[in-house]
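Look at the two complexes coming up: chain A is in both, with chain B in one and chain C in the other.
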Partner chain A sequence: MQRSLVLDPKKCTGCMQCEMACSLENEGYVVPARSRIRVFAFHDEGRYAPFTCTQCSEAWCLHACPVEAITIDASTGAKVVHDTVCVGCKVCTIACPFGTINYASNSGKVIKCDLCGGEPACAHACPTGAITYQDADQTGLDRMRRWAGESLSSATAQ
Partner chain B sequence: MAWQRKILRVNLTEGTCTPEPLNMEWAAQYLGQRGLATKYFVEEVDATVDPLSPDNKMIMATGPLTGTIASTGGRYSVITKGPLTGAIACSNSGGYFGAEMKFAGWDMIIFEGKADAPVYLYLEDDEAELLSADAIWGKTTWDTEAWIHTQHQDPQIRISSIGPAGENGVTYACIVNDLHRAAGRSGVGTVMGSKNLKAVAIRGTQGVRTVKDPSRFMEATTAAKKVLADNAVTGQGLPTYGTQVLMNVINETGALPTRNHRDVQFEGAGKISGEAMHEPRASDGKPNLVTNAACFACTIACGRVSRLDKNHFTVKNKPEYWGASGGLEYENAWALGAATGTDDLEALTYANFLCNAYGMDPITFGTTLGAAMELKEIGALDGVETGDDLVFGSAQALADLVEKTGKGEGFGVELGLGSKLLCDKYGHPDLSMSVKGQEFPAYDSRGIQGMGLAYATSNRGACHLRGYTVASEVLGIPVKTDPHATEGKAELVKAFQDATAAFDSAGICLFTSFAWTLADVAPQVDAACEGEWSVENLGELGERIWNLEREFNLRAGLTAKDDTLPKRLLTEAAKTGPAKGLVNKLGEMLPEYYQLRGWSEDGVPTDETLKRLGL
Partner chain C sequence: MQHVIIGNGPAGVVAADTLRKADPQASIILLGDEPEPPYGRMAIPYLLEGNIDEAGTHLRRDADHFTRHDIELRQGRVTSVDTEASELTLDGGDSLGFDHLLIATGSRPNRPPIPGIDDPRVQTCWTLADARAIAQLADKDAEVVLLGAGFIGCIVLEALAARGVKLTVVEMADRMVARMLDANAGSMLGTWCEQHGVSVRTGVSVTGVDGSGERLDVSLDDGSSLPAQLLILAAGVRPNIDFLDGSGIETDNGILVDECLHTSKPGIFAAGDVAQGRDFSTGHRMVHAIQPVAADQGRCAAMNMAVHPTAYPGGLAMNVLSTLGLVSCSFGAWDGVDGGDSTQLLDRERFRYLNLQFAADRLVGATGIGLTEHVGALRGLIQSRQRLGPWKARLQRDPTRIMEALVGCSVQL
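Let's look at the complex of A and B:
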């Protein structure tokens, strides 16, 4: 089964454990500035929201890359950057509509979420369930269940 | 070694920023943050220094677990000599600033001297420079953060700053980071203001790569996170209600100081409680609380984020306060509410927003306002222009005077003195509810006896964060003791004080201690840091720090006579509740405490004690 990262901003507290776990997994030490997942604070609204690559099927980054440094991991569906091929031209960072692939000046390559080969560290680290790794074909299941529950209670009320 | 092994020395007089290696010998003895920065401070600063002179120094310090994956590993502390107390000041804050300092590659920053004109420190990894703060002098901490983000075109910069209160010499100004987290007590922001230092702005991209044993550290931190998640207080109570979970509990205990400690129960407690923050308002149908929020690395997330009712009288024409921001924690709700007899939740929230924006400690502000209300009531302020509303219970007075104090206008200038100087000035020193010049927090020591001893002996003046025996006496953590008994309290206070000093030196939040003991902390520190950090060693570390602070205070001129409580708590019995008829029996606990500490009858550490602790 293919899985997707499911992000629920309502559950996010802004603790940044995901950013630390991501950088630890991918860089070997804690450096949130190089995290592939980022948490944003919308201060005036009192909201936090994690965001990262959604692994588009027809990925802009992959199609834009002039040296074919980005390929698809068949087991996870992740779009993966190959450092040995990447020349750091940054065209992918321009092509991506979501801003989730970024240049890393320390390595001269681009970095993006690769789903950690199928065991995403961010989802594992999240203490509130704001980030989960679920069936890619059923990411709306929780919301469907909630609406189903509401329809049930309104039906019971009648 | 989760230390970065590097400190930055900023000489504001000379305008220089100089890196230095961290003194690893001291790190082995004092760990980090509170302990290590205090060691640097007492070695470098004469204890008799005037806190607001250029000769005083101010240290911003992280701990070894700051910026690591350990839960709550995001803390930093500000260590200096405090203007409110004349004692060692050490104020701790969460948010994101501390971790950013660590990610930029620094364990601590030592500020010395005084700048000719307002400046801010801009620190981007290894690059440090002092820049002009002319454009932001006089601005709130909120506007300061926004200006710096715009100026540097970088929204990811983390900032600690003072507001107008710190510039105007309010004796209890704080240092605010990330808009609504604060190194709050003892006037550390006043010291920062006296140095013409407006803000410290940091962007760190280097990370922390110095954990000693990464796999053991991961195991230890994961296990410790589970302990927090499974605990009723840190897993449920704090995330749901924040520290405000305590308002009704402490009121029922009969230990909620009310109207300048005249009463120990507040009839309006329910209206300003954590539960009330969840209730939809009658006016607009929305609750005061928007969400809970975490500081960096925190898996508890006790922070309150609130939004005011736009039509409330406090903000009717003030859109700058319509957005969500830091809401009421228990201490703030108590000081702005019960201590002033005010039960308007929205007015309290507004006052809290202003304390953050103007940069002042809401505990001392609220309790000073309460003292002023009593002074007014007994006629001690006759002929002083205070405004008509200066009476217990007036939300209008609270709203007006919080702004005037922040801005340094009218009667706000008097309130900026703090309760001790204010009550001295108007001839009623006994009405200042303070120890060593610092006002009490939200627990009345007539109803919780051990807290009386904890307050009287606290090295930074009255404080709940130096020895929180409430945990044992009220909540039963780690074991329940009788809050009205004095027996065994000396030992309890000492144990809490020592353990707290260890928590405060590691880079983690003291609130973890609702669930963690040193047995949970030790494996995390030991896996991260060189040296052997057992439970015993951490306990001794705490005791060493406590005595180091005590020695500094003695050299600064404080004596055993300062280890006392205001007359009211020692002679006027609680009028209602479970503690009715009780005063605090400090005299029954203090001699035993000195003895357990290995101090003389005059409260001076003996040579033997100092030697045992390596001091």
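Let's look at the complex of A and C:
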């Protein structure tokens, strides 16, 4: 069974270790603004919520791409962007209803979570267990996925 | 089951791949009338910029993709469809029968009726063949006139600027991209272009082209004229539906389709630029000539062809554009709805803008300039018809918190 990132806002303290680890792993230096996982602060509720790509089965980003720059990694199930193929047209960034694929002006390409090939640096760095990588159906992303399945396009051919 | 798809652009190719998964035993024939392997028009600007070669525009990278998935690619132009006999005719006279047919023939660029427009130095920018012709003429420092500053015009503009040509844009409307951007955003884009060395002339039209000299002489209705080695036409597109005359398939601006992308004739579907289907925002049937809608409709039509009934919730207008490095985008009812309200953040100096349109406590449309982070959240909030609750007031205070609104509305905090 493929594993998923399990995100639990209740355990998140907003320490941002995940953002630092993600950018270090993927960009080679610590720049949270380039992290593929982001921690959102909800001051009114006194909460933090880590959030990233749900690797959804609809894969809006993948289908919208005009040059097949996004493919599915067979071992992890992650939707992965191939930098050498991406032309930087940004259509995936508007097609993804979760807002989790972003254009990076420094590289002229888009970036998204690829589960670090099966060893997600964010989960490794999280000190409180708010981000774990598990064989689980009940992931924090599940609700999000259901939300998408129910309320968005029913064109979910996969 | 014999599935035939006319048109091998994104709608046709996504449909063929989806059909193969949904109906593993079926025979699938994918017809196209251009000589190249199936490619994405959207990639043409990057080819012109020299970032990719022609292979980089191909919709499927693996040359054997179609053979491997037992999808028969055939070159040929369909000249008529006989809906009674379930048969179509190709330009060589051959006929081809089908059980289910998908029409995904896309659209073609308009050529406005301007005297002198048939000169070979006047080009549209729609196909790979067009791109090759443009690449021949648009050398560094060449004088180029671009007719039309709509969505496609502006995309081409960026590619031309990257080639280092001397560019003048002529637009009939009072601002750039009038059908995608509101007045604030359109005027900001105009200012940005001028500041980056591209001359933009709005509110004027081209009245004639004189090709008798070494350079074209492009005359405008304000009495002035522009010399040009190349004139590029980006004056809108229209669906490829002429071959359906007499077929009985109902058309209006495009091919009329229901919520399953079914046309007025049994077993015949349409998707992509050629289809006029339900618009998510208005509920009316509209042609959306954009890539993400073509891909979504291709998938949905294929599911229905494979007899897995699937409704399409309606095409959402959504565009993202980069103009000399300035990114703009718009979604849904960006110009607002009756009885709705809006909020915005506007910083002209720094070219930052975000306008949100609401109907009660739902987001229905948006326009952004200089926004690249989490833009998809706008689609998510609009298309899920998410009730914003306390988030509406928070967005009114700070429209940039769209991603927090999406996460806050959909994740148990």
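Definition applied: the second predicted complex is superposed on the first by the 135 of 158 C-alpha atoms of A that agree within 3 Å, B and C clash if a C-alpha of one lies under 4 Å from a C-alpha of the other, contacts with A are read in each partner's own complex, and residues count from 1 in each chain.
Rule of thumb we're sticking to: contacts are C-beta pairs under 8 Å (C-beta built on N, C-alpha and C of every residue); 3 or more make two chains touch, one makes a residue touch a chain.
Predicted model, so just to flag it, every value in this text is computed and none were measured.
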Q. Who does A:S23 touch here: chain B (first), chain C (second), both, or neither?
A. first
Q: Please indicate which partner A:V31 is in contact with in the superposed arrangement: first for chain B, second for chain C, both, or neither.
A: first
Q: Count the residues of chain A touched by chain B and by chain C, then name the partner with the higher count.
A: C
Q.
Output check: A:G99 vs chain B and chain C. Expected answer is one of first, second, both, neither. What do you get?
A. second
(Q) With both complexes superposed on chain A, which partner does A:S75 reach: first (chain B), second (chain C), both or neither? (A) neither
Q.
If we overlay the two complexes on their shared chain A, which of chain B and chain C does A:R47 touch? Say first, second, both or neither.
A. both
Q: State whether A:G88 touches chain B only (first), chain C only (second), both chains, or neither.
A: second
Q: For A:S107, decide between first (touching chain B), second (touching chain C), both and neither.
A: neither
Q. Between chain B (first) and chain C (second), which, if any, makes contact with A:G14: first, second, both or neither?
A. first
Q. Hey, what residues of chain A end up touching chain B and chain C alike?
A. 44-45, 47
Q: Flag every residue of chain C that touches chain A in the complex, lowest number first.
A: 10, 14, 18, 21-22, 40-43, 45-46, 51-52, 56-61, 291-292, 295-297, 299-300, 302-303, 308, 310-313, 318-320, 322, 325, 327, 329, 331, 372-380, 383-386, 390, 394, 402-404, 406-408, 410-413
Q. Can you list the chain A residues touching chain C in their complex?
A. 7, 9-10, 38, 40-42, 44-45, 47, 49, 51, 60, 63-64, 66-68, 85, 87-91, 93-103, 105, 140, 143-144, 147-148, 151-158
Q | Of all residues in chain A, those that touch chain B in their complex | A | 13-17, 20-21, 23-24, 27-34, 43-48, 106, 125, 127-128
Q: Show which residues of chain B lie in contact with chain A when the two form their complex.
A: 67-69, 96, 99, 103, 156, 179, 204-209, 211, 225, 229, 290-299, 301, 303, 305-307, 323-325
